[in-house]
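When the chains are written out, they are named A, B and C in that same order, and each has its own residue count from 1.
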Amino acid sequence: MSRYGLKTIAFAAMHVVGALLATAAGAQDYPVKPITLIVPWPAGGSTDISMRAIADSASKVLGQPIVIDNKAGGGGTVGPATMAAAAKPDGYTIAQIPITVFRLPLMQEVSWDPAKDFSYIIHLTGYTFGVTTNAESQFKSWKDVVEFAKANPGKVTYATPGTGTSLHIGMEQIAAMSGIKLTQVPFKGGAETNAAVLGQHTMLQADSTGWRPLVDAGKLRLLMVWTGARSPNYPDVPTLKELGYPMIYDSPFGIAGPKGMDPKIVAKLHDAFKKAVEDPAVIATLAKYDMVPNYKNTEDYKKFVVEVTESERKVIDTLGLAKK
Amino acid sequence: MDTLANVAHGFGVALTGINLLYCFIGVFIGTLVGVLPGIGPISAMSLLLPVTLSGTPESGIIMMAGIYYGSMYGGSTTSILVNIPGEAASVVTCIDGHQMAKRGRAGPALGISAFGSFIAGTFALVALMLVAPRLAGIAIAFGPAEYFSLMVLGLVVLTFLTQGSMPKALLMACIGVVLGLIGLDSITAQPRLTFGRMELIDGIGLVPVVMGLFGVAEVLLNTEQAIKRDIINAKITQLLPNKADWQASAGPVARGTLLGFLLGILPGGGAVVASFASYALEKRLSKTPERFGHGAIEGVAGPESANNAAAGGAFIPLMTLGIPPNVVMALLLGAFVIHGLQPGPLLITQNPGLFWGIVASMYIGNVMLLILNLPMIGMWVQLLKLPYNILFPLIILFTILGVYCSSNNVFDVYVMIAFGIIGYFMRKLGYEPAPLVLAFVLGPMLENNLRKSLILSQGDLWTFVQRPISAACLALAMVLLIAPLLPALRKKRELVALDEGA
Amino acid sequence: MNNPSNVKLRLSNSELWGGLIGLALGGFVTWSGLKLKLGTINDPASGYVLFYTGILMCVFATSIIVSAITEGGPTLASRWENVRWSKPLLVIACLIAFSFALEPLGFLLSSIPLMLLLLRLIDPVRWTLAIPIAVLVPSGMWWVLKRLLLIQLPSGLFGIG
């Protein structure tokens, strides 16, 4: 029920089991207490789990636990926006920065400015996206969806992890290219969209690879993936390009803190997280979700933010979703 | 039978020395964390996640699970002793539990909540073993429309049964919803009702609200009564529930367990709704509903059982579908994945040793918890022997520290003090805090699901009636709302509604 | 004052005031909902639920007011009859003072006086007991939190704590 991950009472517990704990606080200045990493998605999705694996590895380098705080909503912007508004730039609160942080300000009034309100730390990885449907659904392939949608405009519903996410924008682009109308239902993340499509509350699910165990178990059917090449795990599933949509979506992401962080702390965090994405255990966990490390250092990440904002602006304008 | 062989295998895994040790550490930490208001199992589990990685997956997950259900045991202690609920699900325990303590019956109240928890926890595990895969469907049968209707029902159930004045209760529920919506909109990320304050972007915390409305307001009410304050020092006659208590509690424990287990399966507010619904149900079924709110043991036994059974039910969607119904379960999911396991429909068949080992360890953990908690009752009861003029400043200090530690944020202390003062005046004017708190928890889910169902149905309100589960919830809510207007039922309700004090 | 025909319109009726406060809050919430935009019924925006909740609040508050006018209700004064109304007010005053002192003075310098005031003002505890409790309990808690649990309580401008 708690909003805050950082409940330091657990330290009492850690002293009780102190002997089990290899990661006691060292003598360095930073970090001297647990670091909160805001993951703006509900617990249990692919981002959440991969960030937990990365955080776990990075915490070993830093010598302090990294506590994951799931603050979901707004397509993954509620968490970073909260951090930008309320957290101190002391390095003890950082957040995963999904691409919506750059995209949503182009679409509507928001409380943050992606160019000014964050201290970007490191770029980490990207997703594999896919569209699934319930195994019992009438849709055997994407073609069936398009045909049905042509006959029943707006009747095809799809669950996304939020308005303005790459899934939402991507689906709208696909719909525009096919000349069909689909209805987006914004959830908060993978765990919720899984339940929605499993329970047939929505006809389709557009999300990152959190659907994998359900697809493997035959409960969901994967209709397409949004990567450049076919996924080695699902060689029979076509890519966007093969279906005639010349696009690739991978929504790369990294982490950042509130604006005004000490560059030394940024560097420390950067080094720890860089080691984490090089850790074979982390790479293995990422691979479970078809994610590949996509490392960029602090400077490159800052440049990337500018580039991605520009390219997003074009897409948003074309789709007519830009804010008035 | 196949299951029996599996159970035996599970106990084989759970009874190894190292797993027993991890299990004990887990429930011990869980108990500690549960007793302190404002400090939930989530933080303990997050911080200890790295520790669990050093052992086998079984050991790590057994320990995490132990923290979770261990904290469920401890949660009621401060509710009963000093009227401070540590989490939403314990709010309802305050109503009668604290009244029992004021009448010198803190021992039986703590005792029945420990035994009730034990019984409910054990039942939930048996059910988990026998019917888990079949019940998985419940978790996904609830879409946005069903959740919306369930939330409406939850709010109506509460207002119908705990209040003298219906409009007052409904007004409080609305205020709760509004307070719950403060902060960034969960769909569009727009700030709402934040008055430009940075601190409000994140919304108002549950912990400061409940600690203020219950803990601080209770202190303020008590200080105005010179005589009443002695009641808390009434002679403590017994430490454990007696035969009459057991007779009164048997039914509530059984019903609370069933209700809690079924609602616990639902992702979202299952446990909270279950504890409130169980209280309402017991009050409705009771031949003497006027005793509720004045220390009825049924009002403690039912919700506490429901609370713990829900903790067991919550494992079903995680183990069978890989869908975590709450943050704690999601942490467990994270633990599974980091250990290289993928919870989902294939987990039980692919890793039978793990699944059954965890379930068996939870049996053992429940027994450990009972043994750990019963001797502590005597210790807790001693605390109430302090004179109130010494006790109440300590309670205030304790709430301040609890709130501060839960968020490391001074602003939350202000929020708590403000809600303490508001709560005091509310209670003076006959407005109850419980509907507000429930609505505060359910409000955001209510809003989010309403908006999603309207998008799904493209603005067609019939969707709430056309879907059977949703229609059933709404019909029940309607009946409860209309019932008091019908003359035949009116008498019963007036009887139910007699008591206003909680 | 006890004239029955006058009962219904008394301004000291506590129910009436409760209802009026509810109505004002409801009005504010409705207005905030409108300001946040309602959206359409097939795509409700941020203010949608706030707007309707605000309207519901107004409805319930009105019904409280109506019954306060038609049926009367206890006066404000009667709610505080036979109780030591000054005591909770004292506690409230202490708590408000405490919240102003907490950040500038830090936890120790603000909570020790708070404890002392609460112990002495309500039902005076004798000094020989009040002082040790007021000093030892907060500093003990502070020590446990700081040393064992590594929680830094606010230390204030003087850096004490």
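Following the convention adopted for this analysis, contacts are C-beta pairs under 8 Å (C-beta built on N, C-alpha and C of every residue); 3 or more make two chains touch, one makes a residue touch a chain.
Quantities reported herein were computed from a predicted structural model and do not represent experimental measurements.
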Chain closest to the assembly centre - both centres taken as Cα means: B
Centroid comparison with chain C (C-alpha atoms), farthest chain: A
Averaged-CA centre spacing for the pair chain B and chain A, given as whole angstrom: 30
Length of the line joining the C-alpha centres of chain A and chain C, rounded to whole Å: 40
Chain centre separation in whole Å, for chain C relative to chain B (CA means): 24
Chain A residues counted as touching two or more neighbouring chains: 8-9, 11-12
Sequence positions of chain B contacting 2 or more other chains: 185, 187-188, 190, 405, 408, 455, 458
Residues of chain C touching at least two other chains: 149, 151
Chain B-touching residues of chain C, taken from the complex the two chains share: 14-15, 17-18, 22, 25-26, 29, 32, 36, 40-50, 53-54, 56-57, 60-61, 63-64, 67, 79-80, 83-85, 87-88, 91-92, 95-96, 98-99, 102-103, 111, 114-115, 118-119, 122-125, 129, 133-134, 137-138, 141, 145, 149, 151-154
Touching residues on chain B, where the partner in the complex is chain C: 165, 167-168, 170-171, 174-175, 177-178, 181, 185, 187-188, 190, 192-193, 216, 219-221, 223-226, 229, 387-390, 392-394, 396-397, 400-401, 404-405, 408, 410, 413-414, 417, 420-421, 424, 428-431, 446-447, 450-451, 454-455, 457-459, 461
Touching residues (chain side chain B, partner chain A) in the complex: 25, 28-29, 32-33, 36, 38-40, 42-51, 53-54, 87-89, 139-145, 184-191, 198-199, 201-203, 205-207, 267, 272, 317, 321-324, 327, 329-331, 333-334, 337-338, 340, 342-346, 405-409, 441, 448, 452, 455-456, 458
Complex interface listing, chain A residues touching chain B: 1-14, 16-17, 20-23, 34, 42-44, 48-49, 52-53, 56, 59-60, 65, 67-68, 70-75, 77-78, 81-82, 85-86, 104, 108-111, 154, 157, 162-163, 183-188, 191-192, 194-196, 198-199, 201-202, 212-214, 216-217, 219, 284-285, 288
